[in-house]
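Just passing along the structure, written as structure tokens.
Naming follows writing order (A, B, C and D), and every chain is counted from residue 1.
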Amino acid sequence: VRARIRSSTDVDRDRRDLAALYERTRSATEQLCAALSPEVCTAQSMPEASPVKWHLAHTSWFFETFVLAPHVPGYQPFHPDFGYLFNSYYNAIGERIARAERGLLARPTLEEVMSYRRHVDERMRECLARTRALDDAVVELGCHHEQQHQELILTDVKHLLSRDPLQPAFRAREAARRAARPAARAEFIAYDEGLHEIGHAGEGFAFDNESPRHRVFVHAFELADRPVTAGEFVEFITDHGYERPELWLSDGWDAVALHGWRAPLYWEKDGDRWMQFTLAGLRDVDPDEPACHVSYYEADAFARWAGARLPREAEWEIAARDLPIEGHFVESGELHPCATEAASERDRPRAMFGDVWEWTRSAYDAYPGYRPAEGALGEYNGKFMVNQMVLRGGSCASPRAHLRASYRNFFHPHARWQFSGIRLARDA
Amino acid sequence: VRARIRSSTDVDRDRRDLAALYERTRSATEQLCAALSPEVCTAQSMPEASPVKWHLAHTSWFFETFVLAPHVPGYQPFHPDFGYLFNSYYNAIGERIARAERGLLARPTLEEVMSYRRHVDERMRECLARTRALDDAVVELGCHHEQQHQELILTDVKHLLSRDPLQPAFRAREAARRAARPAARAEFIAYDEGLHEIGHAGEGFAFDNESPRHRVFVHAFELADRPVTAGEFVEFITDHGYERPELWLSDGWDAVALHGWRAPLYWEKDGDRWMQFTLAGLRDVDPDEPACHVSYYEADAFARWAGARLPREAEWEIAARDLPIEGHFVESGELHPCATEAASERDRPRAMFGDVWEWTRSAYDAYPGYRPAEGALGEYNGKFMVNQMVLRGGSCASPRAHLRASYRNFFHPHARWQFSGIRLARDA
Amino acid sequence: VRARIRSSTDVDRDRRDLAALYERTRSATEQLCAALSPEVCTAQSMPEASPVKWHLAHTSWFFETFVLAPHVPGYQPFHPDFGYLFNSYYNAIGERIARAERGLLARPTLEEVMSYRRHVDERMRECLARTRALDDAVVELGCHHEQQHQELILTDVKHLLSRDPLQPAFRAREAARRAARPAARAEFIAYDEGLHEIGHAGEGFAFDNESPRHRVFVHAFELADRPVTAGEFVEFITDHGYERPELWLSDGWDAVALHGWRAPLYWEKDGDRWMQFTLAGLRDVDPDEPACHVSYYEADAFARWAGARLPREAEWEIAARDLPIEGHFVESGELHPCATEAASERDRPRAMFGDVWEWTRSAYDAYPGYRPAEGALGEYNGKFMVNQMVLRGGSCASPRAHLRASYRNFFHPHARWQFSGIRLARDA
Amino acid sequence: VRARIRSSTDVDRDRRDLAALYERTRSATEQLCAALSPEVCTAQSMPEASPVKWHLAHTSWFFETFVLAPHVPGYQPFHPDFGYLFNSYYNAIGERIARAERGLLARPTLEEVMSYRRHVDERMRECLARTRALDDAVVELGCHHEQQHQELILTDVKHLLSRDPLQPAFRAREAARRAARPAARAEFIAYDEGLHEIGHAGEGFAFDNESPRHRVFVHAFELADRPVTAGEFVEFITDHGYERPELWLSDGWDAVALHGWRAPLYWEKDGDRWMQFTLAGLRDVDPDEPACHVSYYEADAFARWAGARLPREAEWEIAARDLPIEGHFVESGELHPCATEAASERDRPRAMFGDVWEWTRSAYDAYPGYRPAEGALGEYNGKFMVNQMVLRGGSCASPRAHLRASYRNFFHPHARWQFSGIRLARDA
């Protein structure tokens, strides 16, 4: 299994750096889950969300399957059934438990899963220290894969806790949090038409779906300088946004009826106050924070209501490519999107990274000339290129080092449990 | 809440006996679950089965709601939300979490539930020691209610563990178990026609659905002297029993197609051997042990194949009423039905109690003159009197003291996860 | 295929009478459908209801399959595929189209189906005139079978027309209809306890499920002298009957929530008026007419609200067995239940036959000693003996000659599209 | 309701031409349905397909609603309920019958629907002759709308007839049909990279989703010179194409499992022969004819198996824009795709129009700068721009005059009942 994934490791990072990345990543996952009870780690609240225990094991299975098994002579899996239990979707690897049934795994216990992690870590350390023929690119891929699951652990456990009538907090909010800063009025920034290059260029890690870098003609457009706020979304609700079919895509209008949507996921009205369930428990909706936990359909309807539209992914990337990776990431500890700070300089979009993933109107598809990796790792991204929409930027649950301007996240248009928000665009 | 449930406590048992029953019952529940991990206690494998954690809490909620709250002045519930979480189906008490969502209760943790039990136990002890106005019949009902849940804990956890691909054992089988004794060939015992009385009479506890005792005319019939064995059921399978529509009720034939039934629940074929998942893990089907985990439809089809029929509940009770409560119960530790011992005397049915619940062809309905209790406890039995079939006798998961000849268990005809088996009857 | 169905034809009716019954029955079916368009005859509104075209063909297929094929040497079916299309549920005969897909039969056209009927009629006439070895009991069964379908044609087409937003009438109501007579206040009639015989006795046709006649002990009971009226049912609604869980069986309460029931089927509220869709189109609910189109669950809840219960089928039969077959039948042309006339004599229940089928609380099961016919005709009744409730008496859509005191109709407890109503009973 | 739809009628076509287009279109619809029975016209075989009767009425409702009602002073609708019955999806117009329930319309009868058509035709003729203020563009839109429904009538009735076990033909195949010509081996034609314009330009009618014409950068690509043949698709099947997950998109693989797909819709294997249901009844699959009735998922999997990919819609349009509208259209009377004729000149794709719609890998979205019409007609195309894939070219069921290079058809990726096929593309 040799993944042809573009990676800078081949060029300029030595094995020591790779080993350090591995340690940092594995440790970050465990710190995230350190306070969780076995009960919380076992339950599954919907087919799309997995138990924490499963995430902890699956990320280890990834290294075991794609690094240890092919490169350690005579390697014996930690447990003969774990391949069945913790394979996510790799048909080339074999059969696996149905996604919706991951919550039935009473065994292995959380403690057994942690043993599995330690076992894999020990072997990986040996491997990284000694094995010459190791495919460093796959190790690096495994680390970025685990970062993705760090974010999913947070979004999945948030969904689970929200379904528990006790609505317990994942982690208490720090008392000393800064007061929210008022979000400035959004301004649109203009971009000229032109032939641009998008996609991953040159150095550093990227997933295969960010390649190849290629030319695209982009018409003149405008992009809002910050995400839509919760306060603006309340205006949409107050203006009967959820009751006016002319604002909605047909499938979106059906989803509103089917699911009874009347507000973003996790919002509920208590008299006149909008409350929301967060990873720190129930609290008021702050009108200055970015609107979050909306589906593509809601993002699209909001944009239509606002006389705008959602950006295409090329537009978003052109606007983002020269910006620093700034915003609120998982490292901030907030685990919730924060109000966008006032601009220090004009004509530059803010909060492009972190806080909320931004829905684009681009359906997820291969870039011209895209080739998935050979073998099982070719299933990583390529087979999902239909029926999903691209999101860009990252969220308050993403590790900062995980993000870049060419990063392409993707979800089905009805999905709401990710930290997904809205940035408006307009034709020039 | 004063339940008019027939009970001998009013007459001849003093409060000390009641307190001892309470202690025995609560302790038995906890011993049953002592070795279970928080993970096992949290997961839910289907809507009909509840997490162990929920059973542990619900049985405590029963005492809190029906004993402590009405009889302890100023009683404050242990937790304000537990009424919502642990009410099973009492509409008169209030709203509650959907049955299928009990597995979403990450919180309270198992430890918190055990604290809840201790809290209730302490208050109950005070109450039993001091409260004059206590309704002893409701305390006794609560104990028998908890015995029912002891059995459900076993059947629910068996279902859960069977769905875990690791198929872990609930408890290892004792090495020293006696060898299975060959089941004698079944004989039919003849009973004359006549006007009989059935239903609970006189002394001791009974549920309201066993009353009133009343007359019923029963035609001459014959009843098999032991339950159908697994070996006999294998013959039915081998004779294409699951493929011959003429053997099945129409709804049963639909269920065979819908669920793809080809054998009892928990059975699987490994080459030529029939294996079964048990609470002690996977093992061979013993041809001498009673057939178990069959639906009403399968029991009925088997009976038709065998040229017989299922008994009516009055027939069963007439045959059982003078027999001692003998068989294999939860106390045996087997947690699986055992081969019926050879008859010590002829013309007496064996294994009427314990081992497997026996499906009758009687739909569950009220006895003539039945009146449910006033108030919420009237929901205990009465509102389920449609669409379910009566089972009689008890199982290897029932506490021996819980059973009696007039006991009426009931489940939907497609249910298979109880320890449900077959005893044949014939018209004379 | 020799059906052992109890029939008097073997004894005392000559072939001429049988031929006349055949002609009358076939003709009555066609008169019923004479005014229906091909469009109405083709559509299917739900899986449980069949297109009229299908009923017209199925009843002919019954004679072709059970009379012509076995008794006419070398008989060739009218069309090789009609066995697949028009077999209802006889597994012994072979595969068939799924019930829910009968509305996909664009072909054969209505005209082709009428040709099929004429073809079968001609052969049947020859057969009845000449064939010595004919099984007269099966011909008689076929006629009573077709009478059942006459009623189903009316209930199924009523359901279909009600789902058409134009709500077209099946047949205009006659202008000269008598004014409805006020329904007298219901009185309960007392019956003593005793050992009774029920089931079909002696002369005349009966279905196999009415046999054998057998003894049953019945406790003292009381039975209302007329069905519950629509006006009384409005009182139940007004008293929040559909919103009070304590009145409902658990499965019934679930059905109320699932289906959003707030009134009988076909009722709708127009301001303060209750309107109902009838076979003559939309009209006011007449408070004096019997309540109709209620499920078992609603009948049971109404009875509980009224401080009564539903009768057992033995009770009903004991009260009905000596009464004349009086009431409003299909021959009246009303096709809707009519107000019960005031009693001409006291202490006699009225409208036991016709108008509305009366739900009993008896689950449909075999009588002691019941044996279904051999072969395919054994599937006629026996395989439905689970999950259904017995209804007694007949309705405004039943042919009068089809009914008798021992007749057992049966439907699932959630069914509402039959002309099903309520008669109350009480323990003495 | 003033639709801003790009149309040449304002410029260079006089009203007489428009009236002639109207007459031709209406007449073509009725000729298509002339031989259909009321039964065939009433039934509905799945929610996505409508009864013929409904199509006949809906196309008339379109003219009544968007032309007659706004432009004829005091116009009264033909029937007050037809707006509810025959509105397809225009929320701005009002409520309507659920799509899946169109088969419940026993009334109006086919004859009543034909009266409705005549009524609308008469008023339209008056209107076209006399009304000055008429919006000609909407009349033209209504005609192209009706052409779309002519195609849907064929695809919907094909689906219905295929579900009838008798599998009746819509129309017998003409005896004198030319023998199928062998399909030449497919060649790939190369196209250079470049900045192109796509979208509707200049003259003639186009739907709003073809505008605005805009620039797009297209990388070098190759396009097959003819559609994939049925014979080639048989090779895919024989090579276990439906059993190899590595060939499929993840959602496609799920669809294969869910629906049990093993061949294109309407194909069935009879021993070694592949048969297919056509509008002329069941016949052999001709290996030379284009593969048809495949979903996007199957088209995509086939392309991957063949070492190619599906074209993007811009690629397709660039290849098609200078070609004549040649192929087999509805006017040929074949109502089935025909083998592609050998090339008369090299390096030119053949059968780009007619025969089969060709799936592209482009998700259906708005062109840059797209603006839907104001009012209800803005719902015509815009609200469907998510979750669907673009198809190009037209089919054997399309009127020739309906097609052009910029035409964008769109369906969900699982849809198979359209005449949808495959043309391969490759990166250069």
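Methods note: contacts are C-beta pairs under 8 Å (C-beta built on N, C-alpha and C of every residue); 3 or more make two chains touch, one makes a residue touch a chain.
Predicted model, so just to flag it, every value in this text is computed and none were measured.
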item: Neighbouring chains common to chain B and chain C, by label; value: none
item: Chain of greatest Cα-centre distance to chain D; value: B
item: Distance between the centres, which are taken as Cα means, of chain D and chain B, whole angstrom; value: 60
item: Centroid spacing, where centroids are CA-atom means, of chain A and chain B in whole angstrom; value: 47
item: Sites on chain D at which at least two other chains make contact; value: none
item: Listing of all chain pairs that touch each other, if any do; value: A-B, A-D, B-C, C-D
item: List of chain A residues in touch with chain B within their complex; value: 37-45, 53, 81, 84-85, 97, 101, 103-110, 160-161, 163-166, 168
item: Partner chain A, residues of chain D touching it in the complex; value: 89, 91-92, 195, 214-217, 219, 245-246, 248-253, 296-297, 300, 361-363, 365-366, 368-369, 378-379, 383-387, 389, 413, 427
